[in-house]
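One chain, chain A, links the two complexes that follow: it is found with chain B in the first and with chain C in the second.
Moving on, here comes the complex of A and B:
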């Protein structure tokens, strides 16, 4: 396909395939590529909704380097990701291992663990906001009735309480999704490998560490990346439960971009921050692709 | 046959054109449901007069106001008439979103009854781009029953902050003797930036401090007077302990619920609560008055509410103004707004039959005279550092002085751009 004729021949040979691709490509171009190009353009201006735009060159990028709140929201996002990801994966792996055999009950439990994933994040956040409520929330009520706490806990009232409480909610809500992915990976482990390990005298722990985990590594890495990128884009639950507080302790990067663009009307500045976020996510994705490739080479 | 089809096409086009010219419609946006009623009444009036002019209403929730309006402006789809939060007008005027209606306003017979403080928020270089339409004022509510129980005169609310502290200490108790305070003298909404402005700015003003100077170009929040106000506020929580220790995270609904369940004796509130308290707690015996002032200061209040404006690019300026005049008329301001417990924005209409029934509304005519709002094209961006500063001070993390100095630094940076 090194010339125009070759390209034309390719397209006419695969005409049906191209036709099927067209809607997806069109949607992608209109709703992803075009806005992306525009955001990139806007990031170099003081962009006004009406009226004239002022060209700033790299001004918006300089601004974000010196903006303490940009770095704080980025660090909040990273901290949150570091808390939530192990939480999700330890739980998801445990559940997947437990449910990795055929029994009439396993399907029931898989559904139960997956249901939180199917609820909208906003709905879940509102429910948990009330559960965590200091005065009227059911969590404080149950814990103090059972005698586990002596005075009311403010679950969302301090920076770390808020981070951990919201993380707990997210783990409850998304572990089921990672569990399903890991289950699929687990079921791809050939039975012969376990049999071979048994012959070598391996116990359950050794089977897990030396057979299961290495074989599901690609699946694991993929689930991990999906989860990491999702955590980086966290918005809904923090917006509903803490509005980024207290004192910006739970302000994530997407929240800050949203506020900058839509509440402070600094569209150019918000665009610059979005481009920086995009670069970070591209780097994360490259790391994923690189580590998957090294697996297949082995 | 060909001539007939040409004739038909021409007739259709002509009819359509006349149809379009005859049916004039304007689009009206607001966050308040009362405007929906106003639009319905306007359409009924137009129909009764045999005119084909109509208005179409769109309810825009408060949280989505700026985003939806911004998107509409960018798409060239702005509504003809919009009733928008007063503190956003300086920004939208800075990008030229609204029509100059100065001459139309000056020609109104009730021009002198329009609050100057509100008109100022819609003013640029002496020209007006918005007319006061609805007003919300902040005040203090107090629970008369709890006052009586504490031995205080239920008809004498605190006038100064020192008095409030005194009364609140008597009103803060451990009612069921379980070692934990369950009745608080004062409730503070710590987690809402909007509430910090609506409720707390008047406190700062009465202490002689301010957020910004008159034209919004200089930051004044780190002045000693402003810091003194915050110090008093923080003392309510940590020194006098008359407000809950976690006030920094209390939402408006938490304080409201506390007040109607009689666990909070006093709170800063707005005129709209007169009706909502009556609906949610009919047996609640409460009064509403000015926000207390500093010992040597004046009473102040925050004039929230909406200005109504016409889009600069509207194609129906005259019809839009006709609607605006209708919405400002005595019939609407009294029968739609005063009737539902909201304040009419025209000071000449405060003396109406609905307010005569409940004397609690009367005080707002006086409060309106001392009410103001900060003028800034970057309002949203400025009050975010305010919220952070106040929350950190209220949580005891930093001193009020440090808090407002940090906030001032962030605000100055925002004003740079």
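Moving on, here comes the complex of A and C:
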């Protein structure tokens, strides 16, 4: 650093403050800011593990645009996100509305719906793989005893079966999380708002439309965005349940990045994909903060 | 809102059905893990074990010189290490962001919160290279530092809110009485912030114990594998059709995190909703 004198003066002047902040800032700089800068740089290179890097300019990005597997992994991820996000949201909303009533057992029910959130995606995947098992799985048995299916279904055997089966698992696993967010929103509507609406002569429908919904709209956005972002970054459950198959039909972006980087050791190309992922996610986060801000301003 | 009698009955009926749907997969896994081997691969499946056996748990914990135990211990080391680092670092930073003012402090705050917006998944490749050069691959320490970094934003935010909720006058009068900033922090504010620490603890425990992708990337060698990686590899490469191993492994893997969750769930939910609803 060329401005060492200035840095030293700054440190001695704000020594206490820096003492409190240094550990956090150091971790942040070393393991977050540095790799963030690095991934941009690497994406312009043919980056080799052995250290002979070749500058490619936009070569990796050109390759990306022409890589059918990249587009496939992107569309797989989008399709999965579009299945799973409404599924989680609707189940979570139903659970939250149900548990918005007080009863001696409400807290017990709430805890139980949250249990799948506490276990890992790996465990949840294995639990459901056993249920989905084609030969001995309990799902095939239950459905055929009830007469819904006439022969055993291979739940992970075709692309669409696999997508829907994994989605079912994820909805079971994560609905409790969104439920908690929505429940907090529902319970956060101040009673005074209803009282004021009543004084103004609002009926039940008007109270729902003009009081409840506008107030919990930020919570809706939050619950939706959390599952949207989460599903865009899906890795664990596809890695365990489908390994991206059949025929790459469930290969997600993060899985493809992982393979490109750590199985094919194509670090530069993997970095270019990472940049695309990063941009998509930042746009999603910005939409989230924007819609939350516009709510508070109104 | 007062419910009519039939509505109350409906409320409990629906909830009981939902409870069954939510716990059935886990109960089914538990049942399978307790069945004698010849009762597992049967069709039609039988719900209850003919006789309860812990044989599969014994096999799982002793196979290959007890390697599954080692995965569990590895996870315990990484998880507790991360909790300690994250508690120390986030309480210090949270205090600074709540009470100390100096130029540039907002940039640090934004930079730490930005970690929430940028998915760590997009930084795996540069992080791998960096960890390699630092000799931090396949070490507990490396994984602890990375976990801590990516758990910091939530925890710093949490601790800052905890400290801000305490009266600032405590600090001012203690400083006037001649306490140093460090004394104010350790003697006055830390003991009053235990709920915040509980939230950080349960969040950090659940996140670290359950994490797969970073553990898979950075700690791939058998000696330092975490329980999630070990269990995944059991299914993917060794015991794919051995459901007694997979189900008992799943039960063992979920027990610690469920215990912590049941004890501290109040704090976890509080953290979740305070971060989400604000």
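Going forward, the second predicted complex is superposed on the first by the 255 of 298 C-alpha atoms of A that agree within 3 Å, B and C clash if a C-alpha of one lies under 4 Å from a C-alpha of the other, contacts with A are read in each partner's own complex, and residues count from 1 in each chain.
Assume a contact is a pair of C-beta atoms (placed from the backbone, for glycine too) under 8 Å apart; a residue touches a chain by one contact, two chains touch by 3 or more.
Just so you know, these numbers come straight off a predicted model, no measurement behind them.
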item	value
Which superposed partner A:243 touches (first chain B, second chain C, both, neither)	both
Touched partner set for A:24, first chain B, second chain C, both or neither	second
First (chain B), second (chain C), both or neither touched by A:207	neither
Chain B versus chain C as contact partner of A:134, first or second or both or neither	first
Chain B versus chain C as contact partner of A:72, first or second or both or neither	neither
Partner contacting more residues of chain A (chain B vs chain C)	C
Which superposed partner A:101 touches (first chain B, second chain C, both, neither)	second
Chain B versus chain C as contact partner of A:262, first or second or both or neither	both
Chain C-contacting residues of chain A that also contact chain B	133, 135-136, 243, 262
Parts of chain B lying in touch with chain A, wherever the complex brings them together	66-67, 70, 73-74, 91, 95-97, 180, 191, 246, 248-249, 254, 257-258, 378, 380-381, 384, 387-388, 391-392, 395, 397, 410, 413-414, 417
In the complex with chain A, residue positions of chain C that touch it	1, 3, 8, 11-12, 14-15, 18-19, 21-23, 25-26, 28-29, 32, 40-45, 88-90, 92-93, 95-96, 100-103, 105, 108, 111-112, 114-119, 121-130, 145-146, 148-150, 152, 156, 180-182, 185, 206, 209-213, 217, 228, 231-232, 235-236, 243, 246-247, 249-250, 253-254, 257-258, 261-262, 265, 269, 272-273, 276-277
Contact footprint of chain C on chain A as seen in their complex	13-14, 16-17, 19-21, 23-25, 27-28, 30-36, 38-39, 42, 95, 98, 101, 103, 105, 109, 111-116, 118-123, 126-131, 133, 135-138, 141, 145, 172, 176-177, 180-181, 184-185, 188, 218-219, 222-223, 226, 229, 233, 235-236, 239-240, 243, 254, 257-258, 261-262, 267, 270-271, 274-275, 277-278, 281-282, 285
List of chain A residues in touch with chain B within their complex	46, 48-51, 63, 67, 69, 133-136, 151-152, 154, 156-158, 243, 245-248, 259, 262-266, 269
